[in-house]
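Take a look at the structure set out below.
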Amino acid sequence: MTALWLLDLCLVAVILAVALSAVAARDLFAATVFFVAYGLLIALAWVRLDAVDVALAEAAIGAGLTGVLLLGVTARVHMEARTPGPGRGMRLAIGAGCAAVSVALAAAVLSLPVPAPSLVPAVEAAIPATGLGNPVTAVLLAFRGYDTLLETLVLLLALLGVWSLAPDRLWGGRPGLRHRARPEGTLAWLGRLLPPIGLLVGVYVFWIGSDQPGGAFQAGTILAAVWLLAIMAGLSDAPPVRSLALRLVLVAGPVVFLGIGTAGLFVAGAFLGYPPAAAKTLIVTVEAALTLSIAATLALLVAGAPERAP
Amino acid sequence: MPPVAAPEAGFPWIVLAILLPLAGMVAALPLGRHARALALLLIPAGLVVALLLAAQVWREGEVTYALGGWTPPLGIALRADGFSAVMVVTTAVVLLGVALFAQSSFRAPPGEETRAALLFWALLLGLWGALNAAFLGNDLFNLYVALELLTLAAVPMASLEARAETLAAALRYLFFALAGSVLYLLGAVLLYGAYGTLDITLLAERAGPEPVTWAAAALMTAGLLAKTALFPLHLWLPPAHAGAPAAASAVLSALVVKASFFLVLRLWFDALPGVMTAAAGQLLAALGAGAILFGSVLALHQVRMKLLVAYSTVAQLGYLFLMVPLAGGGGAAQPWDAGAWSGGVLHAVSHAFAKAAMFLAAGLFLRAAGHDRIAELRGMGAALPMVTLAFGLAGLSLLGLPPSGGFIAKWLLLTTAMASGQWWWALVMFAGGLLAAGYVFRALTPLLARTETPVLPGRPVPRHQQWAVLGLALCSVALGVAPLMPFALLQVGRPEAAEEGIG
Amino acid sequence: MRGALLPLLVLATSLVPAVVIFFLSEHAWRTRTAINIAGAVGKLALVAYMLDSVAAGAEYELRFPLVPGLDFLLRVDALALLFVTLSAALWLLTTIYAIAYLGEGPHQSRFFGFFSLCVAATTGIALSGSLITFFIFYELLTLSTWPLVVHRGDGESFAAGRKYLAYTLGGSTSLLLGIVWLEGLVGPIEFTRHGTLAGLDSATLGICFLLLVGGLAVKAAIVPLHAWLPAAMVAPAPVSALLHAVAVVKAGAFGILRVVLDVFGIGLVQAEGLGVPLAAMASLTILYGSLRALAQDDIKRRLAFSTVSQVSYITLGVALAGPVAAVGGLVHLVHQGLMKITLFFCAGALAETLHIHKVGEMDGAGRRMPLTMLAFSIAALGMIGVPPVAGFVSKWYLGVGGLQAGQVWVIFVLAGSSLLNAAYFLPLVYRAWFVPPPGERAGGWTPLLAREGHWGLVLPPVATAAVALAAGLFAAVALSPLGWARLIVARDYGL
Amino acid sequence: MRLALDLFTILCVSAGGVFFLAATIGMLRFPDTLTRLHALTKADNLGLGLVVLGLLPRMEGVAEALKLVGIWLLALLAAATVAQLVARAALRETAGQPGGPPR
Amino acid sequence: MTATLYGLTGAALVGIGLYGLIVRRHALRRLLAFNLLGSGVFLLFGAVAERAGPGGDPVPHAMIITGIVVALAATALGVALVLHLARETGRAEPDPPEG
């Protein structure tokens, strides 16, 4: 087992090193690249912690989309900070304070009770009623479905927030810049080759999510990435904000979730409850709608506020 | 185990109270132009639902609802006790006033959809849903997501007028809010690590005074204080609330900061009563006292009326935290129990009405005079008598003078402070009251000043907006005249710590 | 149940007009006047009805819980009725006077709205049955009088308003601290249950007494907390007439009466030795007020300082803790109100008609406005204590009471104050009657060039002067202020 | 048979490791962007190929093995296109043209 | 044992993220630091989940996925605000330059 222990130590060391350099990097672009690398390493850490679903999510959302977001804006915001940060002494004090917080947290982690309280037995007892294999998806969509409902609304609200920054005259226009690529260039070639593979992998991840690690959020992110690649390769353009079709896709996930949840109120006796017989099919329907909405929302979040006429 | 049998009888108003606004927000986007009509339909309906929920809590006592049929610790439960019912009703009433006010300032020309019109109403519904989710949730992680929903609805509201200073204010607000949420989540993680559940009722049974719980409580309280903008973490509030449009700043100041205050009370009184020490209560109240003095002094020096009202929010939030060490200090002499706790909550409610009225009034003065520099608003009292009266009545509640709700709250807090021998908090409240008198009358004086030529409002101020402002101010006064019903409703499902005190 | 409705009705007769008038447009003066007069007459009728039933021993009480255990209590007892009768009667006369005085001035709806609200607050103070009710109306009085003081809206009145607020809000803070301290220890205090404070240690009692009386002393204009009163003279005449002669100043004095008689009880006040310092402060104010009045050239400021000194008679009466002195104090509450309001009315009429503001300009005023000056003279003589006007009665009782309580120095204070009163009132009377108006040959007796002001400015002072005279002449009658004061002291406090 | 397969895995994976080491040293030592790109794409992909080859016998089913090879192919595809784009950007920079998005 | 190691790493990352959030003035760097802080908290939560035995506790895993998505939403809003703030003022810091 010492080899695995060694791997963990190395991984942790590299993670901390990359994290420190991301914060301490002189130039913003370097910090962002370090951050993307950091995201991938954290995904590895999640695999080591037996949380494959989270590893997928971290790699796709944490490293992938957040990285694209930060890279995109770094390209467009060129200036370094002009307001002077805190002086040397102040920086040391803050550093010491943060170190103290870390040490306190470490002590707290170490002093957690040894027979760690766990909900694994409860989940194993309750999961047959949902007909799902993957416990994480069961928790996400059944036991704590209300969290996920609020979460999709968080995404929708974030998108509304981003759109609210558009100038009034451009309201209803197309978000983000118009990307053009040389038709015979390598990016255009990649834009034509990868999307089908991406779509296949996305749908596979969504479908397998019921029983294996995967699920709506990871699949949604992959599909969003595919759409972004197509936009960046100039093959398609971001839809205008006022188009009703786009808005219906955006709200499809929450609407289906709310609909089935309210139906559960009458059929299964509780809001967001599923009748045991049809639980799996209902959950998969909800997941399908969610995947669609999440893909569209995440892509548009990265594209940004409307900047061009419709 | 199959989903539990339907929770006990009674229509689940608690679910509808959250479902209605959130469904409204989701529907607002595709409805585009008609979002305003949808909101004006849903908000009164929401008030009816809130009142029915309050009636249900009043009749049947505390209402708990296991979502999806899964009972905690696995599932998430909703809980509506007296405190949350009062806050839900307050939210509905304030939103009704704000909607009545904003229905003309955020109206798109017929047949067309404008940015501000659609987004104000969509964000308002989202904000309302997030508030109800925060007031009715009983699971700490679920409350984290509700807080995030609230932040992501409030930040764009603050920067709806996308000018440079509102964008900067919104960004600073976002950083404080996100730092607060992460610290709150960190505390929740530690609690889950130690006790295996995040349900408030279960935590109350399992949590004991161990170092892990103290660390978690400290982190969560720090996070929530950042979101409540309690001194010294208040830097983001004044520019954000003053920069927002009038209707938005009213909702931000009256309700949004109350949600994280509500969670502090849930944490200290419901989830971890045994864990919190009396010293921690004194520290929190000391920060509150700092907020009162600091906020009031700054409010005294403000030139613009909206900034004055925003700094007065910082000061009044200090009052709310004075109640923490006073809870349980009633002593035998008082014929009512949990006086301080109920007083603190009544103050939060009356402040919500008064602050909403004040911000809307300031918005009307801004609209009528084209600017809101206090010194140059001379004679506006004659031009807008109703709005000035509303501003004065709302000011009463901040001063804690009868007949406002603030007075009853201040009376309860003061008697408990003196009865429990903590007289220093009483002195702080008096100082706060006098300072508040300073800045309220400083704002009122130019309004009542008589000018040679009678001042006419630059742009006509519609009557219904004036009625909305006066209505909210009268709500705060009504709370002072008849506080019996809210006070009694508050006692339903009141935590024991509210009476015995903390630690 | 009918009994509980009466106090509410009395309160409503000035609260309802206040709310209605606020929403009346400026030029609807006919309806406004009608509402005002109706309200005043209605209140007077109700008071008259209650006078004889309370004399017969009936008691009216309205109680509803603000918070379980903390009750909002309106109670009509003999002491309350004394103050309510005074304010109801004078409110009617002052309304007539104000309508005539303001004429077509701006913001009349706002003025009369706050005017009625202020009277409602005064009635509330009189009828309050518990400390919290008293405090609610006490604060309402501050809030409704501030807009009246700053009614003119110019720099000077805002300065006076700011000073007024600083003093009154400071006073209310100390009052609230005292109330909350006591209620924190013994629970809600009501005026009916005597002896609730018996168990407390004397240090707490002493400090609380200081806080309560200190807070009330601001409105009762006891030195050194009196400075706001002369400054508030910038307000229009009806405001200074009703407010500073009847409502605000009397509220403070009435509060001190309630605190000494009902909250602490005369026995406890004597036991703790708090009576003598209070009497000393009152006497100091009496003398200081009169001295400062002497030095004032402006008529209204002289009357203001005279009010400062006269109100302390009431406090002195109660502080001496003898039954006779208490009667003297109580009856002076009414008499001083009657006389002082006459003086203010006349000062207002003089300023409005003949534009006389300074004492020096009073020459021959009697010749030109004989009726007003007659009323002024009667009231002035009454203030000095010349029988048969009412002032003499209260000073007589105070003097006897002082002797009875063994405080001989009280006699010298009363005598000194009467002399000072004479010193600052008689010159006015002399100039008015015996000095010819400017531009006239001395010595000749020119025909009366009567140029009285508007009837609304003349009738009220004459009426109040007549009532002051009657209160002096028919003091022995049971329903006279003296009779009522004796009833209160004998029946309610068993002294 | 087991021993031979294990031996084969160890050999291939260690060879892969060597190639990764070479790529890293190349990246650090080479003077300019283009040569570093050369090292990265060539050596890393070969290293990955060897590692995948080494792990093939340890996979349970054919599907698993195919997935592993699929991953390798995708890595190849990504490395190739990214190398092209970075090279174009480097040329654009060195040739003094404003560093516009290398499309 | 690995759970505690990653728990300590999470605690360290929280420290680093907090440092970056407080010290850095540039809004994008503070957003980046916020993401570091968030992933540190989630790593801590993952370690807590792993302590419940091999295969980990699925409930925290679900919460972490929710947390990651919420963090992304917040970052997206932050980035958009920075973009428009930079366009309006030419600078990328929320606080006005002191002095």
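For reference, chains read A, B, C, D and E in written order, and residue numbers begin at 1 within each chain.
Quick note on the criterion: a residue touches a chain if its C-beta (ideal position, glycine included) is under 8 Å from a C-beta of that chain, and two chains touch if they have at least 3 such contacts.
These figures come from a predicted structure and were not determined experimentally.
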Contacting chain A as well as chain B are chains E
Which chains make contact with chain D and with chain E at once? A
Longest centre-to-centre distance from chain A, chain (CA-based): C
Longest centre-to-centre distance from chain D, chain (CA-based): C
Pair of chains joined by more contacts [C-beta pairs], B-E or A-D: B-E
List the centre-to-centre spacing of chain B and chain E in whole Å, with centres computed as mean CA coordinates. 27
Quick one: report the Å distance separating chain C from chain D, using the average Cα coordinate of each chain. 98
Distance from the mean Cα position of chain E to that of chain A, given in whole angstrom: 13
Flagged in chain E as touching 2+ other chains are 14, 44, 48, 51, 59, 63, 66, 70, 73-74, 77, 81-82, 84, 95-96
Give the residues of chain B that touch two or more other chains, as numbers and ranges in rising order. 74, 141, 145, 148, 152, 155-156, 159, 162, 167, 186, 193
According to the definition of touch, which chains form touching pairs? A-B, A-D, A-E, B-C, B-E
List the residues on chain E that touch chain A in their complex, please. 1-20, 22-26, 28-29, 31-33, 35-36, 39, 42-44, 46-59, 61-66, 68-77, 79-84, 86, 90-93, 95-98
What residues on chain B touch chain A, complex-wise? 1-7, 12, 15, 19, 22-23, 25-27, 29-30, 32, 65-70, 73-76, 113-116, 119, 122-123, 126, 129, 133, 141-142, 145-146, 148-149, 152-153, 155-156, 159-160, 162, 167, 186, 190, 193-197, 210-212, 215-216
Partner chain E, residues of chain A touching it in the complex: 4-5, 8-9, 12, 15-16, 19-20, 22-23, 28, 31-32, 35, 38-39, 42, 45-46, 48-51, 53-54, 57-58, 61-62, 65-66, 69-70, 72-74, 76-77, 79-86, 91, 94-95, 98-99, 101-103, 105-106, 109-110, 112, 116-120, 123, 135-136, 138-140, 143-144, 147-148, 151, 154-155, 157-159, 161-162, 165, 215, 217, 294, 298, 301-302, 304-305
Touching chain B in the complex, chain A uses residues 104-105, 107-109, 111-113, 116-119, 122-123, 125-126, 129, 142-147, 149-151, 153-154, 156-158, 160-161, 163-168, 171-172, 242, 244, 247-248, 250-251, 254-255, 258, 262, 264-265, 268-274, 276
Residues of chain B touching chain E in their complex? 74, 141, 144-145, 148, 151-152, 155-156, 159, 162-164, 167-172, 174-175, 178-179, 182, 185-186, 189, 192-193
